[in-house]
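There are two complexes below, and they share subunit A, which is joined by subunit B in the first and by subunit C in the second.
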Partner chain A sequence: MSILGTRVVRTEDPLFLTRGATYTDDLVDDRLTGALHVTFVRSQVAHGRLLSVDTSAAREAPGVVAVYTAEDCADLAPIPAGLPMVPPAMQRPWLAQGKVRFVGDIVAVVLTEERYQGEDAAELVSVDIDPLPAVVTTADAAAGEVLLFEDAGTNVMATFGEPAPADFFSGCEVVVEQRMVNQRVAPVPLETRAAAAAWGDDGRVTIWCTNQGAQQAKGEIAGWLGMDPARVHLITPDVGGGFGAKIGADPEYAFTAWLAQRAGRPVRWTENRSENLVGMLHGRGQDQTVRIGGRRDGTIEAYSIAVDQDGGAYPRVGIILPTLTMLMAAATYAFPKVHAHGRALATNTTSIGAYRGAGRPEATAAVERAIDLFAAEIGMDPAEVRRKNLVPSFSEPHTTPSGATYDSGEYTAALEKALEAAGYDELRAEQARRRERGEARQLGIGLSTYVEITGADTGLGSAESAELEVHADGTATVLTGTSPHGQGHATAWAMLASDQTGIPVEKITVLHGDTDRIPRGGGTMGSRSLQQGGAAVHQAAVELVALAKQRAAERLEVDAADLELDLAGAGLAVRGTPGAGVTLAELAADEPLLVQTRFEAAAPTFPFGAHVAVVEVDVESGKAELQRLVAVDDAGTIVNPLLAEGQRHGGYAQGVAQALLEEVLYDADGNPQTSTLADYPFVSATELPSFELVDMATPTPINPLGAKGIGEAGTIGSTPAVHNAVIDAVAHLGVRHIDMPTTPMKVWRAIQQAQQGGSNA
Partner chain B sequence: MIPGAFEYVRPGTVEEAVAALVEHGDDAKLIAGGHSLLPLMKLRLAMPAVLVDISRIPDLSYVRVEGDEVAIGAGTRHFELEKDDVARAEVPILPYAASQVGDPQVRHRGTLGGTVAHSDPASDLPTALLALGGSVVVQGPGGRRSIPMTEFWLGFYETALAEDEVVVEVRVPRTGSAGWAYEKFTRRANDWPIVAVAAVEGRVALANMAGAVVRATATEEALARGASIAEAAGLADEGTSPSSDMHADPEYRRHLARLLTRRALEKASGAGAAAA
Partner chain C sequence: MKVSMTVNGQQHTDDVEPRLLLAHYLRDVLGLKATNIGCDTTSCGACTVIVDGLSVKSCTVLAAQADGSQVTTLEGLAGPDGELHPMQKAFREEHGLQCGFCTPGMVMAAIGVLADNPDPSDREVREGLEGNLCRCTGYHNIVRAVRSAAQAGPAAGQVPQDQEVAR
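Showing the complex of A and B:
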């Protein structure tokens, strides 16, 4: 029986749970002996003219070796936006020049012997800023009265498409429109950002940093510093979570290389949590307008979405999120007409990047709310409206009006499974009883169906490299271009190699994140790793066995066709001659037994599913509590159910958190209100029920594993289900819509307004 | 998130602690569990030059019955109070309120004296103590004095405690099986209250409805003259001055105060001690 599909316990955990992982800040390395500590002095003002930065007092402080300001890095060209659609004037200077554009913008850098000295000295840097009005919302940005980049002449960072034609909904019996907020959230990886850099005598720099893709980060850093990439060696040690925010290099990482050269000593930097909450990329941040139109019998005829993406102060990957939202606008539905357009706008806030799902959760949240709004408008059960409009089962590629080509889908089956597992009819009956009795705790039932895109080519290609080497002692090493940071690649990749070679999982070491050893790699993001990196490991193992067969044939002087794989013995056996054969280890003793391969995915894959959330809302206080989350997530063939369930659980937690709790807030002057974990309502286990997982697996033809991505699906499906459930719980009181997060105050106020006969939306 | 530099002294007795406060005056700060002070220091919102660590002074952690009162040592950790059998039998609202503070780490570090002295308007135990009544016993250079609970909390981070005084004990009346309730409203289980209400024997105290924890006087007066729970609870926010933050604006806080007071009074009158 194949090891694939079994619940192999994570091989990385004994170390992580005992000695602990080695994160960048934990590194003990000769090359970092005597490292100086980097402290960034950040703007406390969101928007203003930077009049002066006086470092004289800081220079005199104990332990201070150097203090640099923008003048000192005149040799550094500004960091390009890296995205062709962004006006060139919107690039980011290494240190704020002339202006500061968000609370957290870097105005000076302090190098000290000890870390604590850096915080002391940073307080002595006196920064004189003449405040300007802050652009905090996308509406402010669109108004364009205050510009972040005067030279650009606009706050628009990118525009995608045109508004829908005026007659787009003509002929529809019912048209519902809603503006909604897909709020800005903070990714909050447990490991905050950290980096270290040391120059060697050979003129090369080694950079260690916590990141989701060493190779991409290396390329960016070399480019920003104007260096030959061959002179950069980048290592990502153990990484404690990323959720998208550790995709690509951060300026701070590149800075460590420059600082180490300038100071002539290695340097290291680790940010604290408050710095992380303002300095690291945020996620989501879309203002959406949806319109949905159709007939009173429940048939939807047209759907449109307009996206205003908050880009933050400087363009990062967040500004392309509207394109993913637009691509997935048609979702699981057979809407005949779909229109989507968007733009990204500069605001005086932290830059937006990718966050678990990156553009797809925003698409799903919008359409799933739209379906519920339409259902409420025509007085039909939301499950029924979905049934009527889902794309019927398909196994041949299906192209949507928003331009995506789905590989395979069983959306109705997923929905029916979820409804059945949840006991939908009984839930509706219980809801009716509570409404009848006017109880304080009302029941809300929320649905979502979703399809998302994983392994998408976002410009870095859809290929992944793998190297597999068997050693003479019977162990093996896998080198992968993916970049695990919690997912369990060491376990899954070892399973894939073991499945083909018979080498036991515990004898296989999986290495990643070292650009000298693994020059090519796409990292871990966009739920790509198994379907591309895992497929590459599988392919490497297949190729290695083929190579071994040739060698064994020569060594045993038999025809290769007479050899068969002996999985139990991790070797090759001569068919029909018991005892005759050779192990892979023996072959490796003769000459290195190693293959390097590259798997090229023909296309992305489209995992799908359906979620049912049950919440209780205390209608007197407005507080919503999640009682149940029933989830069908179809990610094709599952290599290790334990790992897949872990990804689903984590995804649900973050998805639920967006619906109920989390939001990064700024005041009107652009001051962050959520820059500690006392203020940012990070979800914890106490707010979450035990999740009810329903299995469904429709293999994809796109890769030999049949696997689709599972890293982000949980987030994508759960947010709208929970959001819809909260609103459903108070719908009988006249509430039509409440923006996320559905805080007690917002829910209570929506009820008050509805009761007073006003519209709450 | 690294505090500014400070000196550190660890007195062995309350007298020595008082002496250290006298010696260093303004520059000194007591530290007990550190779970209010250290976060402020890490954010550099507090930068005391001298920390006087009283957490290892012996015999400051106890719960005992003394006549009609229960005396609780200032060094008692929230967790110890939560689990204490005497407290559970004699003043059950206190161990229950202690169990609602933060998360297990906080409850194992934070002390009663610390939360009382800190005077955060959102703190759980002071709210329950204010509803109980009784007194805070403090010790200064001139010896001990007792401050009535109703006169102790003056405002945000402001108490009747003098700069050179240490809270050594809290004394509350034994309430035994009298009805009580503590209603804490949060978004997450381990959060500070957005609003909380403590009710015991017709006395009602509110968390986070003013600069300090306060009594709902109008509600208490209404109850005293025989008003219904609904009517009395409707007055709970009278005279309060709730603040605005991302969780609640004043209007919503006032609503919560009235709602939670109604629920607390219903619980206290109905189920009595069973509410625990």
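Showing the complex of A and C:
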């Protein structure tokens, strides 16, 4: 029986559970002996003219080796806007020059002998800023009265498409429109950002940093610093979570290389959480306008979405999120007409990046709310409206009006499974009883169906590298270009290699994240790892066995066709001749037994599913509590159910958190209100139930494993299900819509407004 | 100033700054890097260790305050022959960890939960771990792991240094 599909416990865990993983701040390395500590001095003002930075007192503080301001790094070219559609003036100086553009903009940097000395000295840096009005919302940004980059002449960072034609909904019996907020959230990997850098005598710099793909991070750092990439050696230690926010490099990482060179000593930097919550990329941050039109029998004829993406102060990957939201606008539905357009706008806030799902949760949240709004408008059960409009089962590629080509889908089956597992009819009956009795704790039932894109080519290609070497002692090493940070690749990739070679999982070491040993790699993001990186490992194992067969044939002087794989013995046996054969280890003793390969995915894949959320809302306080989350997630063939379920659980939690709790807030002057974990309502164990998982596996033809991505699906499906459930709980009180997060205050206000006869939305 | 404490059964005496946090003492002075620091507001619990039988957040305790104490960190849980503590074993079997950053604190806090209540319900585990944040697991498998560890008997709520552990 194949090891694939079984619940193999993680090979990573014994070390993680006894000594702890080795994150960047944990590194003990000779090259970092005597490293200076880096402390960034950040703007406390969102928008203003930077008049002066006085470092004289800080320079005199104990342990201070150097303090640098913008004039000290004149040799560094500003970080370019990056994407061709962005006005070139929207570049970022390494240290703020002339202006500060968000609370967290770097104005100076302090190098000290010890960690605590850095914080002491940073407080002595005197920064004089003449405040300007802050641009805090996308509406402020679009008004354009205050510009972040005067030379750009606009706050628009990028524009995608044109508004829908005026007659787009003509002929529809019913048209519903809603503006909704897909709020800004903080990714909050438990490990904050950290980096270290040391120069060698050979003129090369070694950079250690926490990231989701060493090769991409290296490329960005070398590019920003104007260095030959061959002079950068980037190492990814263990990584304490990423969720998209650690894709690529951050300027601070590159800065450590420059600082180490300038100071002539190795340096290291680990931010604290307060710095992280203003300095690390945020996620989501879309203001959406959706319109949905159709017939009173529940048939939807047209759907449109307009996206205003908050880009934050400097353009990062977040500005392209609208393109993914637009691509996935048609979702699981057979809408005949779909229109989507968007733009990204500059605001005096932390820049937006990718966060678990990155653009797709925003698409799903919008359309799933729209479906419920439409259902409410025509007085039809939301499950019935979905049934009427889902794309029927397909196994040949299906191209949507928004331009995505889905590989395979069974959306109705997923929905029916979820409804059945949840006991939908009984739930509706219970809801009716509570409504009838006017109970304080009302029941809400929320649905979502979703399809998302995984393994998408976002500019780095759709290929992944793998190397597999078998050693003479019977162990093997896998080198991968993917970059695990909790997913369990060391276990799953070992399973894939073991499945083809017979080498036991515990004898296979998986290495990643060292650009000298693994020059090519796409990292881990966009739920790509298994379907590309895992497929590459599978391919490497297949190729290695073929190579071993040739060598064995020569060694045993038999025809290669007479050899068969002996999985139990991790070798090749001569068919029909018991005892005759050779192990892979023995072949490796003769000469290195190694293959390097590259798997190129022909297309992205489109996992899908359906979620049912059950919430109780206390209509007197507005507090919503999630009681149940029933989730059908179909990500094709599962290699290790234990790991796949773990990905789903984590995804649900982050989705629930967005629906109920989490939001990054700024005041009208652009001051962050949620810059510690005491203020940011990070979801805890008490706010979540145990989840109810329902399995479904429709293999994809796109890769030999049949696997689609599972990393982000849970977040994409759960957010709208929970959001819809909260509104459903109070719909009978006249509430039509509540923006996320559905905090007690917002729910209570919505009820009050509805009861007073006003529309709440 | 001089501080002395027993960490994972070993006596240590060091000269430290009075303001040095216990978490930094363990990490930077003793080199015990399993204990992680995930916030600066005592919110996340990644730094949880056991001090004189109580599970505490070591980012909110000065090394000086732990003078004379018995401290147990993740590194002190497994037996001398490498045998995993029942809580470590349960976290592995139930896949109660992903990136591993919250794990050292979560495991120590979970031991504290069982010390208080040897056979907690799901809800009681969730309430007991409210001060320990995890971004990866959605807590689902952490709850399963703690309940599974509880079935291993009283050892799951104790540390090897034979301390009585209470939250």
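Going forward, the second predicted complex is superposed on the first by the 761 of 761 C-alpha atoms of A that agree within 3 Å, B and C clash if a C-alpha of one lies under 4 Å from a C-alpha of the other, contacts with A are read in each partner's own complex, and residues count from 1 in each chain.
Operating definition for what follows: a contact is a pair of C-beta atoms (placed from the backbone, for glycine too) under 8 Å apart; a residue touches a chain by one contact, two chains touch by 3 or more.
Keep in mind that this is a model prediction, so the values were computed, not measured.
Within the superposed three-chain model, A:63 lies out of touch with both subunit B and subunit C [touch as defined at top].
Of the two partners, subunit B and subunit C, it is C that touches more residues of subunit A. Residue contacts after overlaying the shared chain place A:676 against subunit B and subunit C alike. When the two complexes are overlaid on their common chain A, residue A:569 makes contact with neither subunit B nor subunit C. In the overlay built on the shared chain, the residue A:519 is in contact with neither subunit B nor subunit C. When the shared chain is aligned, subunit B comes close enough to touch A:749, but subunit C does not. Of the two partner chains, subunit C is the only one touched by A:19; subunit B is not. Contact with both subunit B and subunit C is seen for A:686 once the two complexes are overlaid on the shared chain. Shared-chain residue A:116: touches subunit B and subunit C both.
In the superposition on chain A, A:274 makes contact with both subunit B and subunit C. Comparing the two complexes, residues 115-116, 272-274, 676, 678, 684, 686 of subunit A contact subunit B in one case and subunit C in the other. On subunit C, the positions that touch subunit A within their shared complex are 17, 19-20, 24, 27-28, 31, 33-44, 46, 74-75, 77-78, 82, 84, 88, 91-93, 95, 97-104, 107, 122, 125-127, 129-144. Contacts from subunit B toward subunit A in the complex involve residues 1-2, 4-5, 39, 43-44, 185, 187-191, 194, 246-249, 252, 255-256, 259.
Within the complex formed with subunit B, the subunit A residues making contact are 115-116, 119-120, 123, 272-274, 620-621, 623, 661, 665, 673-674, 676, 678-679, 681, 683-684, 686-687, 743-745, 748-749.
Those residues of subunit A lying in contact with subunit C across their complex are 9-10, 12-14, 16-23, 26, 28, 115-116, 188-192, 238-241, 243, 272-274, 485-488, 642-643, 645-646, 649-654, 676-678, 682, 684-686, 688, 690-691.
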